[in-house]
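Please find the structures below.
What follows is chain A paired twice: with chain B in the first complex and chain C in the second.
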Partner chain A sequence: MFEAKGKVEIFKRIVEVVSVIVNEVKFNIKDDGFHIKAVDPAHVAMVELNIAPQAFNEYNAEDTELGVDLDKMESIIRLGKGNDEMDATYDEDSERLVIRIGNLVRKMTLLDVSTMPDLKIPNLQFPAKVELLADDFLLGIRAAQSVSDYVVLTAEKDSFELSAGTQEEINQKFSKEQLLSLECKDKSRSLFSLDYLSSMMKGIRSGEKLAIFIGNDYPVRIEFETLDGNASVAYLLAPRTEIE
Partner chain B sequence: MVQEKLYSVSYSEKKRNLCPLCKGYKKLCGKSYCPILVRAETILSRDIKDTVFGASPPAIFVGSAGYPKITVGPLVPPLTEDTEIMDMPELWVNKSLQEIIGYRASLIRGKSRVSVTSALNPDRTTAQIQELVMASTPTDVEAMFEKKPNLSITFSTRAPPSGPSALLKRINIAENPKVERIVDKVVYDTDMKADEGIITLYSSKIPQSRITKILSSGLLGTGKRRRFVPTEWSITATDDIIAKALRREILDYRELDHYEVFNFSALANSVHIILFPSSWFFEAQEVWVASNSFGVDYELALGKKGYAKELEGAYYASRLPVLEHLSNIRRQAGALVILEVYPDWIPLGVWRFRELCREAFKNGKSFDDLNEALEALDLSLPLNRYVEKSTVLKSFLTQKKLTDYRA
Partner chain C sequence: MDLAEKYRPKRLRDIAGNRKAIEDLTDWLKNWSAKNEKKGVIIYGPPGIGKTSAALALANEFGYDVIEMNASDIRNYESVRKIAMRGAVNNSLFGESKKKLIILDEADNLSGVEDRGGIKAIAETLEVTKQPIILIANDLYALTSRSQSFSKHCMEIRFNRPRKEEIFRLLKRISVEEGIDVYDELLIEIAEMCNGDIRSAIRDLEGGDPSFRDRKRSIFDVLPKVFRATDIKIVRSELMSLDMEPRDVLLWIDENAPNIFEADALANAYNQISKIDIYLGRSLRKQNYTLWRYATALMFFGYLPGHGARYSFPNWLREMSRYKGRRALREEIIKKLSLHASSRKVKTEILPYLTYMMKKDEMLAASIAETFELSDEELSFLLGSAKKVSRSKLKNAPIDKF
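Take a look at the complex of A and B:
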């Protein structure tokens, strides 16, 4: 059983955050909120999204699993504005998700969740954590894309650095004071695909505060809160190795 | 809805595909005449009158100039026998350049100026054109022109060359067109989206060249959204829409467990394909052997988010056959496709890459070793030139997976 009322914005944000990784996803709906975990087809990137019931005006749910085609969902919510009220109900008899925006009713067929196993999030220990504004990081990623297809992220005791390119080079260095926070035990340096990173950046909005966890030749974890603090998102991306 | 403008032809794509020597600035090669044009024009029949009767393959051409006010019209040869092949690139891969130019020169193109949205409320002429396009076999047509068609051949970026043309006065379909039930069903279903219509026709084994024409003539899509789609946009839209559906399918298949290499050459072009034991990725490199120049576009497992900016039509025309092959063998794989263009090439349209790839997939070699597989690609320039340009190869060799870190 599942019924929720809230702003169209909530569903817009779900699609925005998750569709940069994958188009078909399982919504794990529980009385403590929405939980989504998804991995891209190459098992290189993962997204974890949790939305608290407080994000909605009304929320009523028992354990339900819904297989959602995000392209289809996007085509529905595109019909509403961010502030419009939206009502989503799971109709158990027809096994469809019923979405109401104003007097518009859209009944959406769902995907078979039996073929969508629960994902295990790798258990990772990160030696470094950096907090900064999304806008600063976005700028660096965008600049890096103009010179290379991968970027190097380096955290040291008192700095965080983003660099890319060999002939044409980009470098963006933050001192500890230019960051919201920096914790780094040992120098940590890893390479990441800009195709993936820039895709993830499309799920992040200007003004959001990012916590970036890195290690040495190790995945990166990018965490942030959204929907007025009622939702938390984490992206995980596997590194590239050095080219011989 | 098909975002038809997404698939328009840019200036750079046009320029790249015009002439291998002069890139469209006629006679830059120093000759006083263009040998390509002359060779083509000698084939043209000299006795075309202002009325032509013949069996249209069926075929139409929708121009993009002046969009959304465009020209549409039927292609009608002055012949009634064996005309189907004239507009069916699926059958051309083993034909000579001369034969293909011959087919195209035989087709006389009528031009009628209409707005793209008139597909919804066709006048008599456009209604006849739409009826003609639905036909499954060559259909007798009488086309009357304002004046005698001009004797010329024009080359285009994505579409096959087109022959003599003139403003269309009137068209009469002289027999009842035969229409497959599925075509009828999709065309009359005004609740069906254009992309669903394309997929339905494709899975019902309607040849792709016909699906492209049906889309082009504004017969697909929901209710009021139907419109004429310029032939060149329609070609790439069809390639892309079918490929997206196939991509979703193959993402569920097991990964290939070795390398596979495929080669084929014809029509002064060659294709060289390597499949990798990997999840889906795709890269196409278009290589102009004479000028040593490369164009490269790629997508990783996330799929293509934007438009293939360097190769445009050629990217989508070569990606589709790769996905078709993977769907046939029920495997997922990464793919690098190299499209080589030789100096004696003339512009025939992007179908050549699609059909060369389809032909290549009939015969493959398997390898366990990447270097051996790369050598077997048998390329014209030194291998490292291609390797340097390749993003997917770098990514294949260096990208780790999250599963490598499972605790």
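Take a look at the complex of A and C:
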């Protein structure tokens, strides 16, 4: 059983945040909210999204798994405005997701969840954690894109640095004071593909606070809260393969 | 339950035969470095003999995370880059992080509009990859002839058909574990008849009767029975042993009926053909394939004495395959146009008028192409132009006149 009412904005955010990683996804719906874990087909990037029931105006759910094609969902959601009220209900008889925006009703067939196994989030230990504003990080990523297809993230005891390029170079260095916080045990440095990072940035809104966890030649974890703190998102990205 | 999938070997030593090939494959992976020239390997050989199984078992044994693309995936330029190439230059989130094996199955089978540019993307991936790549193909030449990168960057390893003794042993093991009650004689027969194809041998074991899937039976053996047998039972068993869908059998019957029947008999035959078609149509529409039996029961025309006719290949099938590319292109266009109407409606009611209007008015054609993001190729197709029409050229042409 599942029924949720809320602003179109909420559903837009779900699609926005997840579709940068993958288009077909399993919604794990429980009475304590929405849970989504998904990995991209190349096994390089992952998204974890949890939304609390408080994000919605009305929320009623027992354990339900829905296989959703996000492209389809997006095609209906984009017809609504952010503040419009939207209602999503799972119709168990027809096994369809019914979406209502105003007097518009879209009945959506779902994907077979039996072919979508639950993902195990890899167990990672990060030596460094950086907190900063999304806008600052986004600026660095955009700049890096103009000179390279990958970026180096480096955390040290009192600084965090983003750099890219060999001939044409970009460098963005934050001192500890320019960051919201910085914890770093050992110097940590990893390379990441910008095509992934920049698409993840599309899921992040200006003004949101990012927590970035990094290690040495190790995946990065980018966490942020959205929807007035009612949703938490984490992206995981494996590093570029470096040749020894 | 798909036994062939269930008994897919997890370890290299469980692969039937091909010891030398497996040794070469293992050595290749053990000595693999991104600095090697042979960053890929092509495993080739006939179907069902363990090529994919060997690749998967290799990954499993050496702790590699697998990124697999096969014929059921769309493999055009974009998607190969998005999956294989991204996988090739980044670590994995799973497994031992750096160890990732990229497997491109049925790599000689990229074709048509759907897989456009796929070969190019695979070749580019081989150039830049920092992870080992395995390409799997039936026909080595069909693959290597399409890009020089394949031979340059890939070691070639041939897989051979395993011996029938090995297949027999495997079938025996499966039948014991699955509790399938079967004589050894039948297992020997299956092992002999499968011609080295382990997958189809296991399917035959599941089917329980090797004559059910006699690969030697062709449409040319079955058609004479359809037209001339005296006993419907013979026809039915012949049709059962033929690995062809009733729809295609009907096309053969339809194509050849005029050469066999005359006048009234031909009229009767067509009457019967139309009834078969009705049943096939219903079974398709309702997705109820038990209705097939009514269709196949009608594929019996009673004894007809006479000469041995020469049977010809259905023209319909030939024409359809000849225009496969053009049809795929048209479907693609219809998909783009079907925003507020069903694709059927677009095909039958909108496209013909639209095409006519576009041929008459270049400006309109350009703006339609712009709105629906039609590619130059799709635009040329609609305009029925032999040479390529460029969207931008079309648009600029009339404006220049002002």
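Rule of thumb we're sticking to: the second predicted complex is superposed on the first by the 242 of 244 C-alpha atoms of A that agree within 3 Å, B and C clash if a C-alpha of one lies under 4 Å from a C-alpha of the other, contacts with A are read in each partner's own complex, and residues count from 1 in each chain.
Everything that follows uses one rule, which is that a contact is a pair of C-beta atoms (placed from the backbone, for glycine too) under 8 Å apart; a residue touches a chain by one contact, two chains touch by 3 or more.
Predicted model only: the values in this text are computed from it and were never measured.
Partners chain B and chain C, brought together by superposition on chain A, clash.
Shared-chain residue A:N123: touches chain B; no touch with chain C.
More residues of chain A lie in contact with B than with the other chain of the pair chain B and chain C. By the touch criterion stated above, A:M86 is placed in contact with neither chain B nor chain C. Of the two partner chains placed by superposition, A:I101 touches none, neither chain B nor chain C.
Once the two complexes are overlaid on the shared chain, A:V17 sits clear of chain B and of chain C alike.
In the superposed model, A:L197 makes contact with neither chain B nor chain C.
Residue contacts after overlaying the shared chain place A:A144 against neither chain B nor chain C. By the document's definition of touching, neither partner reaches A:L182: not chain B, not chain C. In the superposition on chain A, contact of A:L70 is made with neither chain B nor chain C. In the superposed pair of complexes, A:A61 makes contact with neither chain B nor chain C. Only one of the stretches 38-46, 56-64 or 164-172 in chain C has C-alpha atoms clashing with chain B after the fit on chain A, and that stretch is 38-46.
Of the residues of chain A, those at positions 39-46, 122, 193, 195-196, 219, 236, 238-241, 243 touch chain B in one of the two structures and chain C in the other.
Chain C makes touch with chain A in their complex at residues 33-35, 65, 67, 82-84, 86-87, 89-94, 97-98, 100, 130-131. Interface residues of chain B, counted against chain A in their complex, comprise 248, 251-252, 278-281, 300-302, 305, 332, 391, 394-395, 397-407. Note for the complex: chain A touches chain B at residues 20-21, 23, 39-46, 115, 120, 122-124, 149, 191, 193, 195-196, 199, 218-219, 236, 238-243. Listed in rising order, the residues of chain A touching chain C in the complex are 39-46, 122, 193, 195-196, 219, 236, 238-241, 243.
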